[in-house]
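Labels run A, B, C, D and E following the written order; every chain starts at residue 1.
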């Protein structure tokens, strides 16, 4: 015999899916961003720890050529605009504009990979040359994986928006979460950029 | 089954207590100022914590004993007051213990005036000991044994050649890691003469358990004579057997790893054997140095320390006899 | 591909020329070889040496014969200069043991000709004298134990009927020595090592070192940890100079063994310095510790020569030593006092030379410790000058211009001392080494000794490991690792003439006059080392780290060395 | 009433008020239930089935780890014993440590939370239930990878914290350290996934009215633990990934010759290591804070101080990792800071203990088995906590670091501090999970044997440690005098083992033939006791409304909500601070995709031990599995 | 399903073989390991029969290869061969073997030395040490890195480690000889 229960509160008119901080997936994305953010902070701490130990930094290599990095950063910063628009269109449940937005965001996911491809040689060091090469390649490689996974997520969402599942508020909520995650991808790049390109010029 | 079990247990317990008395590698039997201050710290911490533990147990018993009292608001308020007091007491005790620990740390400072400098380099499963001196020719290399003069600070410069080890002679001082790529220092001082056993305290592979070395504290005169003897080259072989042993040693694989100053053997991979017979133990504190133990160790090092890097050199019995005879003569 | 085409055109050109000059030369007064006539230099001989090793030595011209000694296994050839086509008068191949092939890969094979005798040393430790005319063997003695890794080094020096030789085995933990043989019979007169007790080193009453005044006994022993001096190294390096005025033999001593400094605390006397010995008895007179407790295994490499110049107003014969540690030393040969020392290449290992003692002040950032890599140590191994082999890569001094022409290397290195283990006959180095550098990695530096500043420099893509020849006509000849043999003007350094020999040049060019009176210059090509086809450049520490620093140096299509002789048409 | 009838009756958007109350249960069961058989087993997303499975697997790993401990005690029972050769012994003690920390302690605490937290906060399923399924599979496969490796002589042999350079590329021959590092990746993914689920469940799916100060203390403990997992696990993932990179593709993170540093590993590992032991201890604090009020028959004393103490412990845990490195030669000033912070963490501990004691003093304690375990906790953990304060002092630590004193300390705080409350919690929540009571008589024997066996085994280790016996030695010489004490320890180890065997026997026996349990056998106050034992698949037919911190004590009739749909899985999403209903979120239905995602990820991780290219090619099936998982199906939950 | 089990069994067997720590070879075993029957020109020949009985431990056992790499460092091979690139001795990783790359040839080179200056280590090393070094040298020069091949050392980076197949990396033009 379960504990006697008396229905008191009527919740029947609540929306099916809360948007923004009312949706669990939003909080889930935030939690995963916290995990990966901690990971990046620790990797930057490892970079600075190794730099503090070395007599000369960067080790056995000139400072990295910044141009590819600057081009990559510019593209990422520019991508924040369409990203914001996609989030707003998704909030307004405007599926047609969301489709266009996602196409643009896919482009903004693919195009930066070109300057990123040039950033690795611009480091002037291989990952197995020394600790400097190892940590810079790891930082750059992890952020690239980060960017590629979000690109795949954007492409899947774009495909989803073209199916009958597109108009569903939960799916539009996913688009918003993806937009939020893209902001995180851009935001984490800034300290990494400062670390890889800035620290060698300072030391 | 229970009765037999208890009888066995009864026999064990007294034996266990007796063991506490005579062990000579123990943090509770200090033979130097550092270890003494640490022992005092250990006993005071234990006492304080023991008292706290007893108090908590008393409160627990009190809580269980008075089970039938009706709960009132008055008790509630008094309880929160007691909790507050207890927390304040905890904070006080914690700060007290922290300050005691800082006081003990200050005593262990490393900048002792004119110390004896010894460079200890940890290898997988033995210790290379280099006695440094301002005059290079008084610098010599030995292994697996440290002699120190009484009442004089000895600064050990610690580094490792392969993995992390940790130098710990509990009777004299706390431990300090030997880390590849870093130089650590540890200062030890001995007040009472005697042999204090040190052991590796950081897991370093297959034979971490058998990586010990005796630290022998002796008065300044004995220390100087020992040091002078170590500087000298290996004594020449006296008997024909010893000469044959030396020839086998220098011609064969032994000289590829070991150095015996005064002969052509100059390998640096294994311990320096110039005065191996003058050491109390061989194989990093495993066997007492006798001709028999030398022969047993040479015949089959893998059985005594499985996995160590000394190979099993094939030799005939009389070669074994002659080599062990010669090594036993290297006083 | 382009070099092969170049090579074939040269051979065709060459044959044509030889034909043209088959006849006796014109009787007119022969044109002088100087800056004006340099561009018209033509190769008149290209004789292959049938050996692919490094030709670090030089040829010797005596009368109408040109004596050539090939790399190991040695072969001596006497070339008749007075007969057209330069036929070989006689040749002699001493018995060779293959065991020394690796050991003697790049040793200086320059012979010495004196009193009708041809004296030379071989890779397997033999000192041999031949009759210069007929090539018959006069005497052949063994002076170095190859099984321990000892090698006879440097060109023999003949002084008053005595042949002065040096042995070297620094990389094999062998205590190198100086020795003298009787030129007539080959009997050994004296032999002194450069490390060890005073009796071994030949230090007696007459010894005084300006830099090390406290005369302690057996300093070659007490500046080493117990027993470490027995594998001390310190063989001959930087060649031998005979100071006629003070009757002294002055030579450099090599680096201490092993390369790992932690196992040889102390100053490791008498390694990495300059020793002066009495010509007759070999007893040591003075010593300059140039690199006490040498951290980078450079020794007193480089070159050593005597020069007549006016120093602060007085005309004196001084000792010039362009050292592997990157400094040019001006030294008074009487007592070894160091008059001046300045860096001729960028040096990071040391911050300067202490004027009184002449010892370098170490740069703490460039300190080395076992199992940790120190980066950017300049100069890199084998040193700022000198081919890393005693007697090779020597500078030249031209009194007229007062300039010392130094073949320099601008390479730096990453150096990591490791656990060294001594096995007789195997290398006792114990270090990982990578040379590093971006072009220009070499330069011919004209060093103005008076003002201790470079007058001019010619920058080269690769380090200069060969010797320099400065002729009275105001020309400076030098060879590069990628096969160019160049002539520069002694005054301002303009490159007037160059010739592609097809293989790296590490030898010493020599000037002599042909029987018909024309001035001629001879040089040997063939560099061994990195050009050795057995080296795999994917390993950065191969060829003592050269695989990393000279990764873009193309191996020669034809590794066989050649003797080239150039003359004016 | 057959199932088919219900199908015609229920149209889309039918509310729980539209159908007769007696049909509400069966209808919800049809929607939330999981089909029986293998397919149901592989696809279930019910937090209760996954939680139960998680707990059972973790306890099996405990048993296997315990056997290893006995083998170690057998080898150490006397000087120079030759039962086990050093290579095997190194694998055994590494497996014992790794298994207990990564495969038992952290997972079991999270498993109990996966089961209990949704019930305690009054929701129908955990947030992200499919991620929960994925987490279990990753945990299971990670455990199998480690133990299969051990069976194939590839078990790690470098200690549970695998210090470099011993575990590094030069001294760690073969694939042993790679197996260890990859197992870390598996278990960390599982732990992080559960942590994310718990955070979102606790913050967003609490029953209406459960404001921040009405959240049960166990839920608070799990929230703090989840955040600790989220902030600590990345450190070990970076450490283990860089170790694999060093060993497989030749990077130089830990190579002192090429700019790396050996202590970088210790910093990264212990930055995770110490929060890890608090990740194990804090859930136990939550369990104690749930059990004591029930058996003291009064609400907890000092709810707010306990919550603040939990948060303080969670934060401070990140500030004292260097006390594991006091003897590595770090500058003295740094070490004294960490002495202070290590000592400071004892203050929140003190607060917790004093509040519990006050609750007992002011309450009327009933000494049932769970309570006995809590008393055992007090007896044992206080010793462990105090020896923890001792090793926090630098000079003290230089004498006892890496000796059996430290072995004794962490067994006191881990077994005493976490396993005893855990066993108490098993006795406490067993009726709720299985619907059957565990026997009190056997329970008392278990407590007796375990407490006596534990203290007889581990207290002498303090003495052995002070007598100079280092850790991780496979044998010792006779003349050192450690023989008798070690024999005594080995024999009393058997008592402890007997206690655990009896415990497992009691669990298995009670599961089949224990006395049937009522909904609230202990008259506890928290919401999980408001539903039946074992709870139905939908937990609550109507989501309860919480009016006080101890709902079942204060409200005879529990207010509830109405209006949720019954033809799809639906639960309430509420605001973070005062838990006001915000939305009727659909809870994902059963799916096989998490299983495939776990299998493909495992193939990627295991094959990347052998070739770095596996990461590239292995990523393709993982991507397809994730797309399959994410792609909406035409189920009611996805279409709304 | 059966093949998968068989595959798993085989895989696990190789795993056992790769990870086994055979810490000690008995004297008779070591003596038998020295029974190599070389060809007349001392290049190639028959391996000791006991090698197959022992399951060729020096080919695929990670511990033996790791010990071989330690011996390569300890016995001064780097003085002449650097880390496989060659100094005054030939390169060992360029796939060009003057005296053959089969185990017996390498073992003979180690034990008896070779004419052009390779010293004989027969008196300096024991038989199983020489077989461990032989196994390592073969892994240094192999084109397909085996899973048992050792990883990098904690020292200066010279070339990719043996487990990354240095010999298979981009080959520069082969030497003419």
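Note that contacts are C-beta pairs under 8 Å (C-beta built on N, C-alpha and C of every residue); 3 or more make two chains touch, one makes a residue touch a chain.
Since the structure is predicted, the reported quantities are computational estimates derived from the model, not experimental observations.
Q: If you walk touching chains, what's the least steps from chain C to chain D?
A: 1
Q: Touching chain B and chain E alike: which chains?
A: C, D
Q: Quick check for the class: compute each chain's Cα centroid; which one is farthest from the centroid of chain A?
A: Between chain A and the rest, the longest centre separation is with C.
Q: Please state which pair of chains has more C-beta contact pairs than any other pair.
A: By number of C-beta pairs in contact, the leading chain pair is B-D.
Q: What is the distance in Å between the mean C-alpha positions of chain C and chain E?
A: 39
Q: Per the centroid of Cα atoms for each chain, what is the distance between chain A and chain D, given in Å?
A: Chain centroid spacing, chain A to chain D, equals 30 Å.
Q: Report the inter-centroid distance (CA atoms only) between chain A and chain B in whole Å.
A: 52
Q: Per the centroid of Cα atoms for each chain, what is the distance between chain B and chain D, given in Å?
A: 38
Q: Mark out which residues of chain D touch at least two other chains, giving numbers and ranges.
A: 85, 87, 165, 170, 246, 249-250, 252, 255-259, 261
Q: For chain A, write out the residues touching at least two other chains, lowest number first.
A: 59, 128-130
Q: Check each residue of chain E and list the ones that touch at least two other chains.
A: 21, 23, 74-75, 124, 152, 154-157, 160 - these are the residues of chain E that touch more than one other chain.
Q: Among all the chains shown, which pairs meet the touch rule set out at the top?
A: Every touching chain pair, ordered by label, is A-C, A-D, A-E, B-C, B-D, B-E, C-D, C-E, D-E.
Q: Show which residues of chain E lie in contact with chain C when the two form their complex.
A: 73-76, 78-80, 82-91, 93-94, 96, 115-119, 124, 154-159, 166, 169-170, 172-173, 175-177
Q: Where on chain C does chain E make contact in their complex?
A: It is residues 98-103, 105, 171, 371, 373, 414, 416, 418-421, 423, 425-429, 432, 434, 532-544, 547, 555, 559 of chain C that touch chain E.
Q: Going by the contact rule set out above, which residues of chain A touch chain E in the complex?
A: 128-130
Q: Could you pull out which chain D residues touch chain B in their complex?
A: On the chain D side, the touching residues are 85-87, 90, 158-159, 163, 165-166, 170-171, 256-257, 261-263, 298, 301-302, 305, 327-329, 332, 335-336, 339-340, 343-344, 346-347, 350-351, 353-355, 357-358, 360-365, 367, 375, 378-379, 382-383, 386-387, 389-390, 392-403, 460, 463, 466-468, 470-477, 480-485, 487-488, 491.
Q: Touching chain D in the complex: which residues of chain A?
A: Residues 1-18, 21-24, 27-28, 31-32, 34-36, 38-39, 42-43, 46, 49-50, 53-54, 59, 127-135, 137-138, 152, 156, 160, 165, 168, 170-171.
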